[in-house]
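The same chain A turns up in both complexes below, where it pairs with chain B and then with chain C.
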Partner chain A sequence: MKRGGYIMADKLFVKDHDVVVPGEELAEGLDYLPAGKAFRDGEKIFAATIGLVSVKGHVLKVIPLAGKYMPRRGDVVIAKVTGIGHSGWTLDINSPYMADLNIGEASSEYIDTNRHEMSEYFDIDDYVLCEVITISDAKFVKLTAKFRPYRRLSPGNIIEVSPTKIPRIIGKQGSMINTIKDYSKCEISVGQNGWIWISGEPEQQARVARVIKMIEKEAHKQGLTDRVKNMMEGK
Partner chain B sequence: MGGIGAPEHLIVNGKRLDGRKFDELRPIKIKVGAVPNADGSASIEQGETKITVGVYGPREVFPRHMAKADRAHLNVIYDMAAFSTPERARPGPSRRSTEISKVIADSLAPAIFLEKYPKTAIDVYIEVTNANAGTRAAAICAASVAIADAGIEMRDLVTSVASGKADGELVLDLFQPEDNFGEADMPLAIMPRTNEITLLQMDGDLNRDEIKKLVEMSIKACQKIYGIQKLALKEKYETEKVGIEESEPAAQGGK
Partner chain C sequence: MAAQIKPYLAALLQKKLREEGRGLNDYRKIEVEINPLASSAGSARVKIGSTEVLVGVKLDVGEPFPDTPNEGVLIGNAELVPMASPDFEPGPPKPESIEIARVIDRGIRESHAIDMQKMVIKEGEKVWMVNFDVYPINHDGNLLDAGALGAIIALMNARFPKYDEKAGRVKYTELTKEKLPMTEIPIMTTFGKLSGTIFVDPTKREGDVMDTRLSITTLESEKASSMQKGGFGTFTKDDVLQMFDLAVEKGKELRKLLKQATSKA
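Take a look at the complex of A and B:
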């Protein structure tokens, strides 16, 4: 390939689905674009975390296989209320950063603090399904729970899984999670931050928790949907 | 050479006391995921030296005032178990362990994208369960693997080895008698992708040419250890690779 007067050979050192470690060389040449957890250093592209390589045309992506949840705008998360202030709530979103839920973002109605206690809306230790609206450079995370389906989660079961396994638990277009919902008749909300809320018949709740833990542990195996169906049918 | 309990020679018939060649490493075993409760962990066995490392984070900084607005605080704690040496080691931090904690943190920091995790702390706990020379070097190798296992973004792994001089010969990867009664001891850490040196200490007597030669020897050895580190990490994650990226996030159907 000719670029800027000199010949350049673009080389790819990995295949799709390879496991790479931090600092591993993925490609050489300016024809490839780093994405996900890949980075460019000079003419070469390297992996920044332990992860899986995905090659799509010229885009080299590294999908991390481990790591803490880092909030991104638009993520749907399950947050736990840890504090109540004058104009909002402080919440734990299972990440290194605390998140704020402003009073104006808490409900679609106007909240009159003269007539209502803040804790009537969200009390300490409540779990809230909400969305990340902004993250400032100083890593102040702002949430919203203004519109449906964002709400305070009624009593149920919260389980924790690795945030990197969430896509597997949801499945393609939600196939996996919908299978579980259909069989168990439970209400389930999955937060991108690795917290999952389950509500329904106690027996079914326990079964769903077991199934999700199984998916987390065996996320790498194929044919999980069938196994999930079997487990949900009580086999 | 000399001192109480010192062997007469450290080199016999052109071989070292444990039968190794001058530029031969001790057998190294690295296991990833040794501490289930940690975010990332690894254990290393290098000859008789045994170390376990647990990494926690990025998480909230404690105490709060240690937080930095533009990057993560890397907190390394190196500790020797009371039973790790022939003579009982007094538990708790000491002058030596505080210094080693600091040099290990300094040697790991250039490899980590600390600026991607502002206002957080990355805690690295290093526990030496059996000490037989070269603990800081082995600790660096294990710590960088544990940090990678925690999913923290890194420019490269960090690899380290201690070398030195015993009985007038330049030797690689010292073991206890050479460390105690040899003429010099030189731990070195590099980032193997670029061969940038992140740690270089020296204790004892070496001339300029000897240092040059030892650095070359150590870098060559580090590349070997790097292969072991990579293999250990891949071994754990190779089995997890199918189907992680099956869906796009936020594809859940609300009920």
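Take a look at the complex of A and C:
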């Protein structure tokens, strides 16, 4: 291959679904594009974290196996109210950074603080389904709960899973989570930050939690949908 | 999270179900490892589900208490390190860790599991002192039962270090073959109560929302050597009698498991 006068050999050192460790060399040459937790240094591509390799065409991606939730704009998260201020709430989003929910973003209606207590909307320890709207350079995270389906979550089961396993729990176009919803008749909200809210019949709530924990544990394996179906049928 | 999941857990328990799929009166899976620590006189690692504790025993020679000149000394301690749970913070001992240490200590002391009169070297002057330390490694509820089980296993498998009487020094790393004079196997069983339902072996989630708890230490003779109630809720007389019978039953179960583990080691 000739590029810019140099003779280049494009080499790929890993296969799809390989497990890689930080610093592992994944490819050489300019044919591949790093994505996810892969990065380029000169003509080589390395892994930045422990993870699974995904090779799609020329895109070389490392999907991390573990890690904290890092907020991104547009993420739907489940947040826990930790403080009430004059003009908004402080929330824990299971991340190194705290998040703010401004009073103007809390409801589609106007909130008159002279007539209503802030805690009538969101009280300490309440869980809120909301969306990340902005993250500043200093990592100040701002949330919104203005529109449906964003709201205060009613009592139910809250479970915590590794945020890196969330895509597997949701599945392709929501296939996995919809399978679980169909079988269990439970209402489920999955936050990108690793918190999952389940509401429904108590026995089903517990079963859904067990199934999700199983998916989290076996996320790297294939053929999970069938196992999920079996578990949901009670086999 | 407690307030959010309380109604769900209460409803689940009302139906005699648990989150992991076990029954109301079942323990989670218990795993026991004997003497995992090479540098202690005796040690044990106990796992109940994902709760994990490490217990170490140290034997030392010291002066007896003035009121019991013809008895050895037993001292229990528990250290809730931040490694075990984000709820634990570094610093001086908090009420929870003192409670764990004292309840485990009391269960062993009041059962007279160690024949303390055989621990005397010279009456009124020198006796063996038994120290055990409970270190939770992972906290997923019921540290009391895990710690108590670990403590009794560590004590049963502890061996005396060599003691140089002339120099008055204990050689901690050189162990003899002599074991502690054990007479009993006290077993602690902890019950939780949430919205009127009583259950064995509360997980951390259940422990965070339950109204009250009761820990009963039972002996082979079907007697109780100690009890401890925690939390603000209440028990009826029938509750307590029912729990006592269950504690005896669970004690037998755990004692069997413990003997199996000891015979393998």
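Just so we're on the same page, the second predicted complex is superposed on the first by the 235 of 235 C-alpha atoms of A that agree within 3 Å, B and C clash if a C-alpha of one lies under 4 Å from a C-alpha of the other, contacts with A are read in each partner's own complex, and residues count from 1 in each chain.
Simple rule for what comes next: a residue touches a chain if its C-beta (ideal position, glycine included) is under 8 Å from a C-beta of that chain, and two chains touch if they have at least 3 such contacts.
What you see is a predicted model, and the numbers here were worked out from it, not measured in a lab.
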Chain A as common anchor, with chain B and chain C clashing or fitting: fit
Comparison of chain B and chain C by chain A residues contacted: B
Chain B versus chain C as contact partner of A:155, first or second or both or neither: second
Partner chain in contact with A:210 - chain B first, chain C second, else both or neither: second
Chain A-centred angle between chain C and chain B, computed on Cα centres after superposition, in steps of 10 °: 60
First, second, both or neither for A:52, with chain B first and chain C second: first
Contacts of A:125 with chain B and chain C, given as first, second, both or neither: second
Contacts of A:202 with chain B and chain C, given as first, second, both or neither: second
Which superposed partner A:184 touches (first chain B, second chain C, both, neither): neither
Overlay on chain A, chain C to chain B nearest C-alpha distance, Å: 6
Those residues of chain A which chain B touches in one complex and chain C touches in the other: none
In the complex, chain A residues that touch chain B: 17, 19, 21-25, 37, 39, 41, 46, 48-50, 52, 54, 63-68, 74-76, 96-98, 138-139, 149, 164-168, 170-174, 177-178, 181, 187-190, 192, 219-222, 224
Residue ranges of chain C touching chain A (in the complex, touch as defined): 1-8, 11-12, 15, 17-21
Contact footprint of chain A on chain B as seen in their complex: 39-40, 57-60, 69, 111, 113, 117-120, 148-157, 191-193, 229-230, 233-234, 237-255
Chain A to chain C touching residues, read off their complex: 80, 125-127, 153, 155-158, 202-203, 205-206, 209-210
